[in-house]
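Each of the two complexes below includes chain A, the first together with chain B, the second together with chain C.
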Partner chain A sequence: MSAIADDERTYDVVIVGAGFAGGILAKELVSAGHSVLILEAGEDHGKTWETYRSYLDQYYLSLAKTPNSPYPNLPTLPSPSVLDITAVRGTEPDTNGYFVQRGPLPFGSNYLMAFGGTSLHWLGTSLRMMPADFEMQSRFGKGVDWPFGYQDLRADYERAEWEIGVSADADEQTPKALGIRTSGRHDNVGYFDKEYDYPMHSIPSSYVDGFFAKADGMPIEIGEDATSTVHLKVSRTPQGRNSTPRTPKTAKGIQVGEKRRQQFRPRGATGPFAYMGQRCEGNSSCIPICPIQAKYNAMKTLEDAKHKAKHQMETITQAIASKVELTESGRVSGIVYKKYPFPGVPQHELRRARGKQYVLAGGAVENVTLALASGICTSSDELGRNLMDHPYMMTWGAAPEPVGPFRGPGSTSSYANFRDGNFRNKNAAFRLEIGNWGWNFAAGSPNSDVARLVEQDNLYGTALRDKLYHDVQRQVRIGTMVEQLPRATNRVTIDPAYRTPMGEYRPVISYDLDDYSRAGLAAANDTCAQIFQRLGIKNHTSYSPSDAGYLTYDGKGYTFFGAGHLVGTHRIGTDRHNSVTNDEMRAWDHDNLWLVGAGSMPTIATSNPTLTMSAMAFRAARAIQKAVRKGGAK
Partner chain B sequence: MSSKKKLDAARKNLSKHLQDALMLELSTIPPYATACYSILEQGQYDRSEPTIVNAEPIEVIRQVMVEEMLHMVLAANVMNAIGGTPQLNNPNLLPKYPTELLNGAGPEVRLRKFSPKQVKSFRKIETAPKDLRGALRGEYSTIGGFYAYVRKLLEDACKEFGDKEIFIGDPARQISNDDYFGAGGEVVEITGTPAQRRKAAFEAIQKIMEEGEGADLGGKAGDGDTIPGPAEHEDIAHYFKFNEILHSRYYRPDDLVTDPPTGDDLIVDWSAVSPMKDDPSEENYESAPEIAAISTEFNAAWSGLLDGLHIAFNEDKSALRDLVPTMYSIKSLAQKLMRIPLPDGSGETAGPTWTYLAPKKRG
Partner chain C sequence: MGIAMKTHDDTPEFQAFLTVSAALTGYSSAELQGTGCAGEYWHQFRQVLPAEILEEFLSHSHELGKQDDDRIMRQTYLSDKCLGPLSRTLIQLWYTGQWVPLSQEWRESYGASRFDVVKIISTRSYKEGLVWDAIGAHPQGAKRQGFGAWGLEPPKQRGAGK
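Then we have the complex of A and B:
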């Protein structure tokens, strides 16, 4: 191999990945006066308006509007796609897509390698975890405890909510207000700081939400314990999209972390489209793309970071981090990356980035493949293990009256009742997300309805339009997201037999759902059936053994998908034997290396991981600042 | 005349001019929107590269349009602060196109497709007055001159009768950033003590003037306002935004008004446009009931928007939020009309007439 060219400048911090975590880290570190380099594998885009418009064009033209459909998918830099998921049969791995799937169940989630990362197509759900979620082992004898508790992360949650710009009302979001019978008696106490509130008011509830709220108060038995019976309640979901900014109650402002903040100013689109997106307009395409960027994406934070100090912040795109190099003492000495000039062409130049501190923030899977390929973080043998996701099961039906679907964000409310409770010693907790887009995800509506009515029912003209309107207007869907426990056998590995055209390792994934999660799915399915019955919804749900994500539990079959919530592969912990990093996300094995992102989370619980991961990025940023300062003094 | 009568007369005169201001801002929106919507979007024309070629001019016109909307809100706030009654759905006051702004004294505005001619006419609308002396006597022919006169009327009234006698409107009627979208800048709420309200009212009028023609800003294209976002770039006044389209080039905020723009390229394709008939009217659709039906649907949506604005400025501010979907229907119906050729064989298409319909006539 020819010599590797070193980059001229040595930075305080080198970050791999320009997504949620990388953006927050960069902004915090640059604000503290440190120099930052971000290496982003994705195609050079997102910086000019043309690229975002080209995403939109691509979205409009895509026949299957999957989460990754608007974005570039280079043969040389494949991102996992939901279209690649097939059942894994026998011992032969499924190599259809970017992932090499060893099964026994297919891992159904995706992410995006691009400037802005998966934030480009997230839904925007910004939930905090429950206090119990940090103590799964001590409360229920399941999984592991976190090295810190909910209260230790609370101030970082506040910072993350103000960075992302979350729309919600604190008094609606306490466990008690959500109708959760918490497993701990005091979990509701101090869930929010008294002086705190979200930066913007809740996104208004949809008409569909109002329809489901008719079942509020209905008792649902969950678990064996009568005290676990909950009373259904539709509650609004905190969302990272712009609504009306909150006027602080007093002139002092709102307490966020250690700072007092005045009224939040909604951040619209990046670049020259700054006049767009300061409010959500209900374009109803949050996944895969918000046309006006009213939904938060990491490009906003990255742009902020750039403007904090222009010369302190450098981003190199089309730069695939390939190897983390170590000195003999085990410190990281550089990151070798492949800089490719032409997207889609494997030709590249090998370069080396240097810094005082190094951060892997490329997501739970990419962080692992890079670390494994570099032979680092090996001592705990936890690297790559404990892969978790939210198995996502859908239940859909026809409401007895028109409910106005296909309007507003993908989901504005949920039944949060089942996010905690004493039942968690037996079966997994879950959240029931109320969908606003009819059977879109479930059955490809409304396009599939047109095909069905034309081809099967021979309808055309006015009759077709009337029937279509009649059917589509009644479509409702509930999405179940159930928690998974960390398991050593659910893991990401690498295998020299499977590489990308650039010569990088493809992730090899083994994945299964244990009975704890399956019991949760079954309980959720039963709950949905009861809700449908109460509301007179005709159930159209069908699960088929030919579905890729088909599984059985207790004699019944279910189909699950991935939720795109990739968690747990480089978890934090109390010592070098049970975890990859310490509670500040610093690698146990390598003093100046940090692994940050949803991979750091020891358990996934029932909240979409973005907000927790973002809060943890603030925690890591403080520790990295300290490390840079200490290193500089030497 | 007793001082009470004089005060009433002054207030009435102010209200009348502020109502004119409201209608002035409103009158610019249909022509701007029509031009925007006439631009073909992706998939509606043949290109080897299936991209929206005119995304930039659409955005430039849209930015001007949302600022006009903000100006309308500001004018309504000033009017409500002095105890006036903003009227948004009075058919006798609403513009009928083609029309001349400022009750006949100002530039002509027409409903035409996106074309150099039309953008030039937009530029004319946003032309700054050369000299305000005549305007201050009430002889104005530009928007800037008109607002200079309104400002003077307000100044004189405050001087003569005192702020307390002028700012008698209900503060609850003030539209705030909580109520309004916020695009195009921040709303100025006219609240507080009479002196504070006077200050805010002048701030509001000043904002309208600067964002429009860039008056009083030392010969620079910038409007003194910041584009939202971390870069804190200065925004460009409307006149120069239209000039950007005509020159296919962006201005920098410190470009001199006397020189052409010196910024980045702005790509304009004048051919990717629907051939909409100039100044379409309901008579054009008499022989085409299908088009007439869509036109009625459009006018019903437009009328609903005006009714909603009237309610928001006079009774219930929360009505503003519900208008977002209405604006989407207006866009989609306008584009629908512009895709239908007229039956006269001219090759031209129908277009929205922006006519207010009484509730009974909305079909």
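Then we have the complex of A and C:
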């Protein structure tokens, strides 16, 4: 056994993971005068512009342009890949990829282990949750309630929207404006503070959005209750990508949290080419990589933190947190990490980081494997359970006219009508995302169209060129994201039989979709069919029993994928028996340990979790500041 | 990302390659050279094809451009056991920048090359794939059209109303 070398400096706070949550925590804590160390398992993509450029080149050269394709996938530090997903069959788990999949359904989501985390390939969707989403148990008898409500998080949503740089107009984003018949009578009241607005104006709608808007006003029955009937409306999506900053209405500025803020200044790319990426230029490759970083990524916040106080902020990349060590009293005394000098080579040095407070912010899965490997946070038996995602089902077809796909951000609008309603006592709520990139995700277009027209239709020359225009210009696609309820059996565990080449535990995942979510998928599928009928879209959707994510409900088959929204594994709660942490994300079992991230969310609802997770990071940051000042004593 | 390959090539073989490529793709020889990828593709083509097959492939180029090109293209190229698969691979190379390997059957009949593997030829070839122009868009991740351009009416089909 090699001895563990202690780092020289003891920090106020040691954070594991340089992603969305870690970035915000670091910036807030450093701004408050505290010293912060971030341990990041992956490599640093932000150091130079050339590094980032090389990822763009890797994207160009990738045969399968998957979310992780531009970024290094080290054999020693594997990230889960969508290419690894296969159906789980028989009695043995599927061990194709990094995840060990126990099924019965494959967990289809991925993330990225790198400096900046999965923010490098996220789409940018920045939705707030609905008030009902915090009260699922009291309103519908489903899932659990959060320990706090929408209004308790509202100011942190504001802070998160200004940190990320979200483009949207508040008056377009209230539940009422979105065309949602909320389950609570007063849900629309005070959804936004009167003095508040987003930092930048909405991202313009795509031409595709305009085509779908022709169905606006169409009544759709949802659930058994006639009062639940909604009228379709295409609404613009708040996005974490730069548009045009809003001019505050008064000289006082815009109220954001407790502060008045002057006009937002968009940040460009990180590194020496910081002038780039002021505004989205329509590269149409947000997933997996924004070439100009007009889309927010956590490297921007991390960079801010460094600028705030150079000597208070330390980042160690290529440092895999391996064990959280405890004192006899159950407080965390250090985090042992493996520092590897050469990416891809298992050789490493064992080191120990020390702080007053410790935060796990490595994502909903990695937080759990580290905690389980360390034998911590065990008392509630909730650690690793309640894993949720947005089962993602696609419906695609051919519009009767050219709609101009493959231009602009991956999605600029959605049908948000189904995000809440009285129907949620029976089936899951969902959001229908309008895709701007034709059948790219659904069928590999446009390359697959070239292959089909050349190899099967025997076209060549101008006839080929014209048919490509004809077919691809008409491609439309709706993505359904349906909510999942927390289930104890959907969980992440570890097993000594499955480890990485570095000796770390691989996540062992059990996953299924209950009838609540399946009923939501079915309702969404029916709705898409009606929209297609209304707009004269020829349906090309096909689901096959041989698809990895094939499932049935009520005699009909559907195929779902993961949405990359990993939620729920170390949820917050009201007491140590029903949750892993308190509502400030402090571990019940360990006084100076915090678990922060989408894993903290008790329910997933219909919003992409990044904005909520970021808002919660602000909440945690305040509590951690207090704890540091008090010297950690409760 | 510069390509240090010679871009100007006056040899009759290269010109014949462009002539056949133009007929296969529906883009003019000048447009094909405008991609900056012609040299790379010619190089890849020669690496894969045995000399006598290359010669055969190019030898019909002088028949094109007179009349009845469609008959020549379909009879001499697309339906030929040897030249057909090559033609289809070449079309896809121009349209996507990606080399589609020949079938096992073709290799056994005419010769296998170690360069006959699936790959995107270069970062440039991805960006210059004709498919992006054909569909009225731009390569994803490059040649951006500007803020808000995605809201504009899509371009009309090329040659419409010609």
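Just so we're on the same page, the second predicted complex is superposed on the first by the 629 of 634 C-alpha atoms of A that agree within 3 Å, B and C clash if a C-alpha of one lies under 4 Å from a C-alpha of the other, contacts with A are read in each partner's own complex, and residues count from 1 in each chain.
Here, a contact is a pair of C-beta atoms (placed from the backbone, for glycine too) under 8 Å apart; a residue touches a chain by one contact, two chains touch by 3 or more.
The structure displayed is predicted, hence computed values, not measured ones.
Taking chain A as the reference, the larger set of touched residues comes from C, when chain B and chain C are compared. In the superposition on chain A, A:307 makes contact with chain B only, not with chain C.
When the two structures are aligned on the shared chain, A:247 is found in touch with chain B, with no touch to chain C.
Touch criterion met: A:279 reaches chain B and chain C at once.
By the document's definition of touching, neither partner reaches A:90: not chain B, not chain C.
In the overlay built on the shared chain, the residue A:141 is in contact with neither chain B nor chain C.
Of the two partner chains placed by superposition, only chain B is touched by A:265; chain C is not.
When both complexes are overlaid on chain A, the residue A:455 reaches chain C alone and has no touch with chain B.
Of the two partner chains placed by the overlay, neither chain B nor chain C lies in contact with A:555.
In the superposition on chain A, A:496 makes contact with neither chain B nor chain C.
Taken together, the two structures place residues 56-57, 60-61, 204, 279, 281-282 of chain A in contact with chain B in one case and with chain C in the other.
Those residues of chain A that touch chain B in the shared complex are 49, 53-54, 56-57, 60-61, 204, 244-245, 247, 263, 265-268, 270, 272-276, 278-279, 281-282, 303-304, 306-308.
Residues 42-43, 50-52, 55-56, 59, 62-63, 66, 177-178, 181-184, 227-232, 321, 324-325, 328 of chain B are the ones that touch chain A when the two sit in their complex.
Looking at the complex, you find that chain A touches chain C at residues 56-57, 59-63, 65, 204-207, 210, 243, 279-285, 289, 291-292, 402-409, 412, 436-437, 440, 446-447, 449-451, 454-455, 458, 460-466, 468-470, 472-473. Of all residues in chain C, those touching chain A in their complex are 1, 23-27, 73, 78, 87-88, 91-92, 95-96, 98, 100, 118-120, 122-123, 126-127, 130-132, 134-138, 140-142, 144-154, 157-159.
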